[in-house]
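There are two complexes below, and they share subunit A, which is joined by subunit B in the first and by subunit C in the second.
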Partner chain A sequence: MIQVRDTPLPEAGKAVGIQTIGMTMRFGSFTALDNVSINVPAGTFHALLGENGAGKSTLVKCIMGFYHQTSGSLSVDGREVVVQSPKDAATYGLGMVYQHFTLVPSLTGAENLVINRAHVPAVINWAKERRELATFMEKMPFQIPLDRPVQELAAGEKQKLEIIKQLYLGRSFIVLDEPTSVLTPAEADEMLGLVRGMTERGELTVLMISHKFHEVTKFADAVTVLRRGKMAGSGLVSELSTKDMAAMMIGDVKLPELDTRLPVAADARPILMVNGIKAPDRTGLKSIDIGNLTVHAGEIVGIAGISGNGQKELAEVLAGQRPPEAGSISIKGTRYGATRQESRINNVRFIPEEPLSNACAPKMTVTENLAFRTFDVKPAGGNAVWLDMKRMRQRAASLISDFKVKTASHSSPIAALSGGNVQRAVLARELTGDVDLLIVSNPCFGLDFSAVAEIRARIMKARNAGTAVLLLSEDLDELLEMSDRIMVMSEGKLVYETPAISADISVIGAHMAGHH
Partner chain B sequence: MTIQANLSSEPVLSTRNPSAVLEWLARQAEPVVISLGAILAGLALFSIFIVLVGKSPIDLFKLMYTGGFGSWFSIQNSLSRAAPLLLTGLCVALPARLGLVIIGGEGAVVLGGVAAAAAALPLIGVLPPAIVLVIMAVAGMIMGGIWIGLAGLLRHYRGVNETISSLLLAYIAIALMNHVIEGVLRDPASLNKPSTTPLPADYMLGNIPGMDVNWGLAIGVVACIVSWIIIETTSVGFAARIAGGNVRAAQIQGLPVGQLIVGFTALAGTFAGLAGMVEVAAVQGSANASLAAGYGYTGILVAFLARHNPLAIIPVAILLGGIDASGGLIQRRLGLPDATVLVLQGTLFIVILFCETLYGRFKMFNPDLWKRSA
Partner chain C sequence: MEDGIGIWGVPLAILAGAIRVSTPFIFVSLGEAITERSGRINLGLEGTLVFGAMTAYAVAVMSGSPYIGVLAAMATGAIFGLVHGFICKFPKVNDIAIGIAMMQFGLGLAFFLGKPFIQPVAPRLPSISLGGWSDLPQVQSALTINVLFIVGGLLALALWWAFRNTRIGLILRVVGDSSDAARAMGLNPDTVRLLATAAGGALAAIGGAYLSLYYPGSWNEGISSGQGLMAVALVIFARWNPIGCFLAALLFGGAGALGPALQSVGVTQGYYLFYAAPYVLTLAILIATSSPTRALVGAPGALSITK
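Moving on to the complex of A and B:
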């Protein structure tokens, strides 16, 4: 390995600029990144926009040395450098904050910082380290309790600690990969504001991967948009409208539009009624406690909340995956225990989050996965003892074409499909036939624009046709767009309810953060 | 509300389409080629071992072929040894389709044999042999079903790992067997090898006409075929495959996962229990310590080599029966201990497990990759 050290090593606390020139990355015959040149001057806040699979992650992984680009080069402060590994990137002061936390939950903030250093002494002199940390923290724009185990910190604090960790390690350029996906709107604004302040003072350069336009317009100086591995456009945020950026991201694709929302009938029939459900959460330490939740026919009830406040557990109780300790669930007035018979009689369908791991058998074929609802009933009704493979194939073929599922073949394992297509296949299975109650959880997480628009349109269509929809989502924009009523879940309880039309984001955010 | 998929207008995928046939062939060929490759790699590794102990692997493989399949005599010997492996292989393969790793088939074999022997005792001379044999088979199957079904129950209702519990249950089974054959069921005439009272010759399960192989082989083959039909062509089998493919998806579909787990483990146990009954009724004539001959454990190897496909168990069991049958010849001619074949079995098992990681990596077997790069 040739390592040319012609670049003066960066000083901590002084921003460096980076530039990629003609960055290209091929995996076999697939070009993930095609001749992308971006310029991020020192002390700027640069946003990287693009749909899933547009090449954003590939680009930053090339910068950080996780991938070795097929061609193209990287410059730090105007000098070309060779980054062979994340370690090399660290030498030049380049660091990255991942979408999901990389802190050790059982250790304190201080311990997390010290063990992440490149050279940790075999015996750590904690008294000395703590003195040095205290001096270091004085220079930081925000304060974090370093003596508490990380698992006790709120999500916003953890994210700040991740950033502090990068600064402690002496990084002068950091990549933030969708940094706000686990934060409340208020936490997100605070955190990004502080980071923005550091760039303005020239202490840091930031490249932020995001798909939230409002964050980009509010905090970034400039933006680069990628589409299918190519540079689709770039410019100063002040000169671009959200519309321009969206057009760059998706190209000339016409997105399906939501059906006009039909008003909920005043006498709409209650379909789902949940009463006093109590169940332990996945840690077993806390529990969820749902007093009263009713969803009427032709209505979408959205459940907002930060990840980990019991929404998953609620969905699991409704799906029969988690037996409740108390309370009752009734559908159309009769008690519901989530058996196959009951869900068939009442036409209850589920679209769980991460459909590949929650709603599909990954190694079974697309055809088989599409048959999960129907394999054991005869066309005329009644239980089928034998599988009817011919009917299964015919049905799969028509669902695949109706729902535009892109698959190499009907007998491909469903795991071979892209995320959007897995979700389309699950929608095809769950939304075909009569649906009286639909329980949906984060349906659009990690999907690209066109898949998201299509999925939302399908759900809205079902609602307008009279389906009762319970939508659990961590995406507030999605909830505001889709729901008729929004409820906020915090620490296992439903703490706030508002009609979506008059909803105030800051009030919802406060309840999400636990201020009731 | 109704959103109706349109079920008639679209052209249906036709298997007559040449590229579809090619795709189908490629998908089918993958497990065959990888398994054969794994066996060859295992034999190559085993050759290194043989060279290290100073013998010629070529001589050894020749002898193994002669001992296993070289003559009508050795073929019959191999088939006899394969018979119990068909049933104990199913005992591992069926739960595996539900995502459970059951390794305690030995316990069901042992207790199935004891139950069969015990059921026969009061009936000898009272009922005709054919009926007694049926009763013995039913007794063995019920006992085996209960034993492995217990591991399924513990798994579903108490969250106990089924691999550990089935193994521990096997030790308990062997202890129980020793307890009864040295106690209440002991034939006073069995002096240095405690056994139950032997079946009279006319109550034994005979040989398949024209062969020196007992009916256990036919029973095993039928059991494999029936299991394949259940798994591949019935809706219960499909439900089991969903639960095995992803238990969360099965729960969301409202499938009775608990019943499937208990049902399939119990069914698996009935096959192993039947193997024990055959061992008593066709080979030993009584229940004794020879029931714990390791068939249950070799069944694990059979099922994994067959990738838990009941039909593939048939050739794999015969192959392993052949390897086992050649042990004696290897011992006599090469002066190697007959445990040498166990080294081969172990080597094959490890290589097979390693080769699981190869699935989906070869472009020629993966039609999904053909189109992407085109």
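Moving on to the complex of A and C:
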């Protein structure tokens, strides 16, 4: 194919439209993307919906030049273009904001912006750059402190800085990959509202990958739904209901439903009691201070909060990974120090966030990882000296089939499993046997519809069987669906508590944002 | 003791010792700071240092110019760095293991090639006398400062400035903090690290040249007392900040001069214990400034020890 560069290069600040025609991408015999044609006119806000593995990111990567499509073509402003690399995409004004931040954490915002430019002078004149950045920022819908290292910014600010980076680099079409997964509802609304404003003024075209229907219905003009690599439907958002979109997304698959919530018994005994816990956070500059937190048997207590407000530290204290400076934790009335012995006696189980790195030995096999709770006890009780490999294998086989963990082999390293399957495997290990207290942190982060439904159903089942559950999550929808009570954590403290049934999202959001 | 100075000889001797002993630490730690800022550790700098000392001495003997000796040392140091960087770009190669191998290789090669140069005398690097205002010979001798110390101080300032104000400095920090971000920017982390390791090797070799051409100013197999290894610890202690490296090297040098200084004022008992002062000091400071519940501030994110 001869590369023709007859498209006039875009002007910064003037939206470009794109169109794909019959985009197909094959990896060997696997077709990841099958004849997908989408049209995103200039100055529109287009949503791309689909489950994990539906081909959303493959499509976007073809547009951005990370992949070279097997067949099909891409047009920018009505002219066909060949995009060989992200650099080519950049010349046509196409940019992308990734789900995982690509900002360099130890550099300041200004440094991150300047070093990403195509031409950086050998010696950077910061006085001049700062002046130019200040002029540039005046035109921006959001203000971000540019002189602080990016690692000190909140997730919402980082996300905004990523978008500002794309605009600074002169992109006029940007792909947003699940941009609100780390934001509070209020932050998400603000950010998307401002971005939508830019599309309405014709400064920007947006293609947003999302899982959240309410965002799509509120902000997008049109939507395209992918399922297993194929176009499952598309249309104007104003003409589609959430139900239509969900049906296009998952097809006729029946999702596991949550068990009916059994009422919490009035005399349910308190399982976990946390009193006056104080601990420094990982920067050592701030600390968490949990006054009083009680979780009863058969109850799910949800902890809401923007990431970085001490939830991780609280989970670490409860798991024994972070020594508290003051206060006490007791389980079923006895003091709890999170040793292996104590957690075994009290049937405490723990599912941390990012379970692959926090609850697994990534290079050990699935069988071995599944045996972490039991390998050192004999079936009859007492400490085991020799490993009973046969029993470990049998147990692993039954857990794998019970929890539908998809793995090539029981003896493959657990790191080879997909995120959802690692999560399922850890859930299988932690939820088997008697569980009196379950501490779960962001169990569904980054998982698709069916995996999420499955995992939530398992947790609800455990709750109905009398397990006390402490659920730390950044996803408010999840907390509202799962919890009996919701508490909000902000700046290391529990600042608000409400029964989930009468919870008001805007009040919770305000407390999350620190207005209390 | 001579008149007029008495006990003041101790701080003066510590100052002089700090300047004299710290110079190789300054160069090796600045070199290692560059390498580590790019996300790689080169533990082989002890070997590079000794090989640099041998090269500098041998070339100075043959050419008659200590400066050509220093340049030759830098060239061999850069080659050692390039070899380290080249091997490390292959997948599943551990930079620390390669560093240890390169250290042994450098030491062995230096002793092998350096045998004929133990006898001849090389021209020494010059020094600048800043003590002319004083009548006291002790003050004058303490303020006779070698050229390389001044160069090292300026270099620390220049690096500190360059890390934030130049394109190369920013690229180095990007690569050291996140390989993925660097690739997304179209940079090749392996190339940047290769060059950073070469630059680090060249600087470490200057440290070696100082040992053989200024203080102690001769070439033999016991010329280094682990400066190349201690400097790696100094970089962590200095939190990867070039000016911090300079100050840490001075502190370390000063602590090292404590033993000889006490000996010179007549303390005869237990001064050997003070020879251990730098190591005790390093241990104490590292323990005092570290914490199991806090992340290490300033550590380059892509460094293999922080993963």
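Keep this in mind: the second predicted complex is superposed on the first by the 458 of 516 C-alpha atoms of A that agree within 3 Å, B and C clash if a C-alpha of one lies under 4 Å from a C-alpha of the other, contacts with A are read in each partner's own complex, and residues count from 1 in each chain.
Just so we're on the same page, a contact is a pair of C-beta atoms (placed from the backbone, for glycine too) under 8 Å apart; a residue touches a chain by one contact, two chains touch by 3 or more.
Treat the numbers as computed from the prediction; the structure is a model and nothing was measured.
In the overlay built on the shared chain, the residue A:Pro105 is in contact with subunit C alone; subunit B does not reach it. Shared-chain residue A:Pro352: touches subunit B; no touch with subunit C. Once the two complexes are overlaid on the shared chain, A:Lys160 sits clear of subunit B and of subunit C alike.
Within the superposed three-chain model, A:Met364 lies in touch with subunit B and out of touch with subunit C [touch as defined at top].
In the superposition on chain A, A:Arg340 makes contact with subunit B only, not with subunit C.
In the superposition on chain A, no contact is made by A:Arg424 with either subunit B or subunit C.
Per the touch definition, subunit C reaches subunit A in the complex via residues 164-168, 170-171, 173-174, 177-178, 180-181, 184-186, 291, 293-295, 298, 300-301. On subunit A, the positions that touch subunit B within their shared complex are 28-30, 319-321, 338-344, 350, 352, 357-364, 368, 371-373, 375-376, 383-387, 393-395, 397-399, 401-402, 408-413, 416, 428, 431-436, 461-462, 465-467.
Per the touch definition, subunit B reaches subunit A in the complex via residues 1-13, 20, 23-24, 27, 232-239, 241-242, 244-246, 248-256, 367-368, 370-373. Looking at the complex, you find that subunit A touches subunit C at residues 86-87, 102-107, 111, 114-116, 120-124, 126, 279-280, 282-284, 322-323.
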